[in-house]
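What follows is a set of structures to go through.
Presented sequentially are two complexes of chain A, the first with chain B as partner and the second with chain C.
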Partner chain A sequence: MNLSSRENTKDRISKVIIRDLQLNLREDEISHIKKLDDLFGMDSVAVIELIIGLEKEFNIAIQPGYLDYQIFRDLDALTDFINKLVSVKKGSDSSS
Partner chain B sequence: MRRRGKRGKVNVSDSQNLPPYLKADKQANGGYMPFKRIFSLNDVCIFLYLFPLRIVSTILPLKIIRHMGSLLGHTYGSLLMNRRKRIREKLTLIFKDSMTREEINILSYQSMRSAVSAYTDALIANRIGKHDLLKYGSIKGQENVESALSLKKGVILVSGHFCGDVVASRFLRAIGMPILFVTKTKSFDPEKSLLENKYLKPYWSKVFNQFQEDNIFIEDADFGLKIIKHLRENGLVSIKLDAPFSKHLIECSFFGTKYFFPANFLKISFLTGAPIVPMLCTGNSASFEISFERMVELQEVSNKDEFISVNLNKLVKILESQILRYPSHWLFIARNSTQILTN
Partner chain C sequence: MIEDKFAAVVRKYPEHIAISDGLKAITYCELYSQKQGYVQYLRQVLHLQKGERIALFLPNCVEFIFLFFAIADVGAIAVPLNIHLKENELQYYIVKCGITVVVTNSELLTQWGEMPSQGQGIKFILIDRLEIPRKKMRDMLSPEDDLHRSGINSVDTEVLYISTSGSTGRPHIVSRMHTNIVSGGENVAKALEITSYDRFLSVTPFFHANGFSNCMILPLLKGSTIVLMKHFSPRETLHLLKEKDITIFFGSPFIFSTLTDVADQISLPSLRFCLSTGAPLTEDLKRRFFDKFSVRLRQLYGASETGTVSIELQNQHGEGSVGTPIDNIQLKIIDDNGFELHPFETGEIIVKSPAMTKGYVDEPDLNRKVFHNGYFRTGDLGMLDDRGSIFIVGRKKKFINASGVKVDPVEIETVLLSFHKVREAHVVGMKNDRGTEIIKATLVTQQDCTVQEIIMYCKDKLADFKMPRIIEFKDSIPRDVMGKVILY
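Moving on to the complex of A and B:
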């Protein structure tokens, strides 16, 4: 995964966080926050809004088995995870 | 972690996850929570329950424990007159149009007995095997849950605090229903003594939560993830509508008075499309019934806040009708905080 693609994914995740969780922050402020649970407290609804927002933004489906706290609390881990899902989806789309 | 503050006040950290109405109190007191007393008679009851009674209950026959519970219920209902008076006042506030003074008096006594019976059942429930649970309990309206599950979006079960809850949850686990029970660890309550808040409640949580592997706690960092994961696996999530401990509370009319109700579960339903099925657990460990009512026809509106407001009122009406059908089974005693019930 190249660096620009990774940064692009991170930016899009930050946009989703600001838009769907209605946070009064700029995108660059979010990218500096490593632990997302510091940002919105990982409350029950915020994290669900984030998951649904990410699925819409990247046109992916996150299977229940991947709903792991260690992934969703860390912006870098989440970025890598979303990138992986997107590339798997691209692979399956092109093979079909 | 709680540190000792000046007499009459205790420093409560944010990790205690105080409900919003208590957070305001904390702010107003400069970060300290006031408490009314250091020690109370209630602490003796809790101590007796947590130590001698709980330990003895592991060896005594169930019948004897039930008799002990019944006896304690009578004693509790008859002796603690101040508490009964407070309950009566609040019951009058709720049932003022639908019950006579005498009926409310009897109900206050029954309510205290039901609470004691529920505590006894918590001791018994861990000892009843699957065979006996199936013998003592029954389910009504299981087809309503199955119909909701057929939508493949998981199901949110909504109920109030009724005395059959403890054994019912054991029963549902025993028959293999994939349910997560949303609960909370006991948090600071300024109406209670310092001894209870600081020592007895944490010990209580430690002792009882270890048996309930299907409980999820609102204080858990991964609480939301566990819920969406379980719903996406087409599981059931049970929440208590009369527990005002959500991060998002909405004031609704409840028997003509104002009461705060949790609203986050409706947001979850709005976001995930999970249907809502009302549940009611009545009875006790000797005989209990779990009723699942028809799936609630949620009014579909595009705005999340409007969705919550419209449908929460609908659910509160369902809770009211359950309470009116089984007033003595409703654990009003667990909901008697003055901060949440106002004129």
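Moving on to the complex of A and C:
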């Protein structure tokens, strides 16, 4: 995964966070912060809303077994997690 | 009392599955056996006395259930607490309820970094580090057991303290007696015709009044099976609803809205009742849910103080109705002077029920204000139609419905105002399309201040679900001559 692709994923995640959690923050405020719950209340409801938003944005399914709620508080870890799911999906789509 | 009801169910359905948590299935006989082990532990190791208060700071798990029935058995009082509370919030409940023992687990304890102070003689028990021996089968349900219990509990013995939102900045504690818990369960069981063949998917946390009564007590009073979920996940919920042939499911508009979002059209033929509570259910969500699952979503109305009041059981209630009162519930609509109103006239809903609390713990003034002639003033504004269907139109008491939990905005404002940079704070709930509310804080600061500073300050003082999601800074908050915020 190259740098620009990673940044692109991060930007898209930031957009989803602002849109789906209905925050009054700018994208740059989100993308420059490491821990998301330093910027807003990140409760379990916010995590579920974020999961649904990310599934739609990236056309992926986040299975319950994958759920480590701490990932959703850390933007870098979340970016890597989403990129991994997207790659797995691309791989399975191309082999089928 | 409740222990006798439970023992009768165990005698009737000893080999029936009581609880399944994905890892193991526990029969009623095993549940009783395990519960007896806890009774022995509470009596002989903790020396728990009648009336002592023991906090259950646990997610939905089998141990919560063992412990509740064991606590009831020894005549003590269980205090289920929201697992998202921060240390200072937990401290409030410890003092307010006079808690002497807190039962939690290692996972929850890690969120505080270390074991909270035990300086006040509070015992913290980690349930995952306890080894509770099951009582031998031959000792179970024996006359000796009955002798141990006899005389400990009467119908009006307190057995549960449950938290509810306040209106003065701090939550109130609702006291429930044995008879309230049993009556509440029996009333709903009759309305839904619950049998031992029913299977409940229990997602709503047991520390929530609805989760406790309808997802835990109700199935166990009827010999039904509980399929436990520790945390809500839409996909896992859908999987379990289908794979476990769930017949009864209690949720909230948020839960049903997310299920509708993630699911393709699937059939859930076993599902008899899908009941929504905690916030108003929109007709749009009902329609979308029915289109996806061919199951009708029904509204349930109740309160921590009263238990379940009404269920939208019939299809012919008018749009927006929360149904008619279930058996043993008396309900009236009154005006500001306390006079009963006619159908289609709007006033405050008052309720009388055997499931109802006798009052808030240690709140004599408040109790005088909200309990009149055996009726509880709900603070909800509503009306009845000519067929007795109830319609909720608003609330007298102000709170925010955050994640299905009612939060007093004053509690959040108090924390915000304790930050040295904040001069004024006004907190409101902003409705979102999932039937819940987002917490918004408007602040006037003394000096330059960032969102991050505010969040970092509140983080250790407010549970995550009480944290503002939107923070905006203003030069002033408009107020009227009385100092009341002018809504904007």
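Throughout what follows, the second predicted complex is superposed on the first by the 96 of 96 C-alpha atoms of A that agree within 3 Å, B and C clash if a C-alpha of one lies under 4 Å from a C-alpha of the other, contacts with A are read in each partner's own complex, and residues count from 1 in each chain.
As a convention for this text, contacts are C-beta pairs under 8 Å (C-beta built on N, C-alpha and C of every residue); 3 or more make two chains touch, one makes a residue touch a chain.
Given the structure is predicted, the values throughout are model-derived calculations rather than measurements.
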item	value
Clash or fit, chain B versus chain C on superposed chain A	clash
First (chain B), second (chain C), both or neither touched by A:L25	second
Contacts of A:D37 with chain B and chain C, given as first, second, both or neither	both
Greater chain A contact set [chain C / chain B]	C
Which of chain B and chain C A:I48 touches, first, second, both or neither	both
A:R73 touches, of chain B and chain C: first, second, both or neither?	first
Where chain A meets both chain C and chain B, residue numbers	37, 42-46, 48-49, 51-52, 63-64, 67
Residues of chain A defined as touching chain B within the complex	37, 42-49, 51-52, 63-64, 67-69, 72-73
Residue ranges of chain B in contact with chain A within the complex	218, 221-225, 227-230, 232-233, 247-248, 264, 267-268, 271-272
Of chain A, residues touching chain C in the complex	21-25, 29, 33, 37-46, 48-49, 51-52, 55, 61-64, 67
Residue numbers on chain C that touch chain A, as the complex places them	84, 231-236, 239, 254, 258, 261-262, 402-404, 430, 432, 434, 436, 438-439, 451-452, 455-456, 459, 462-472
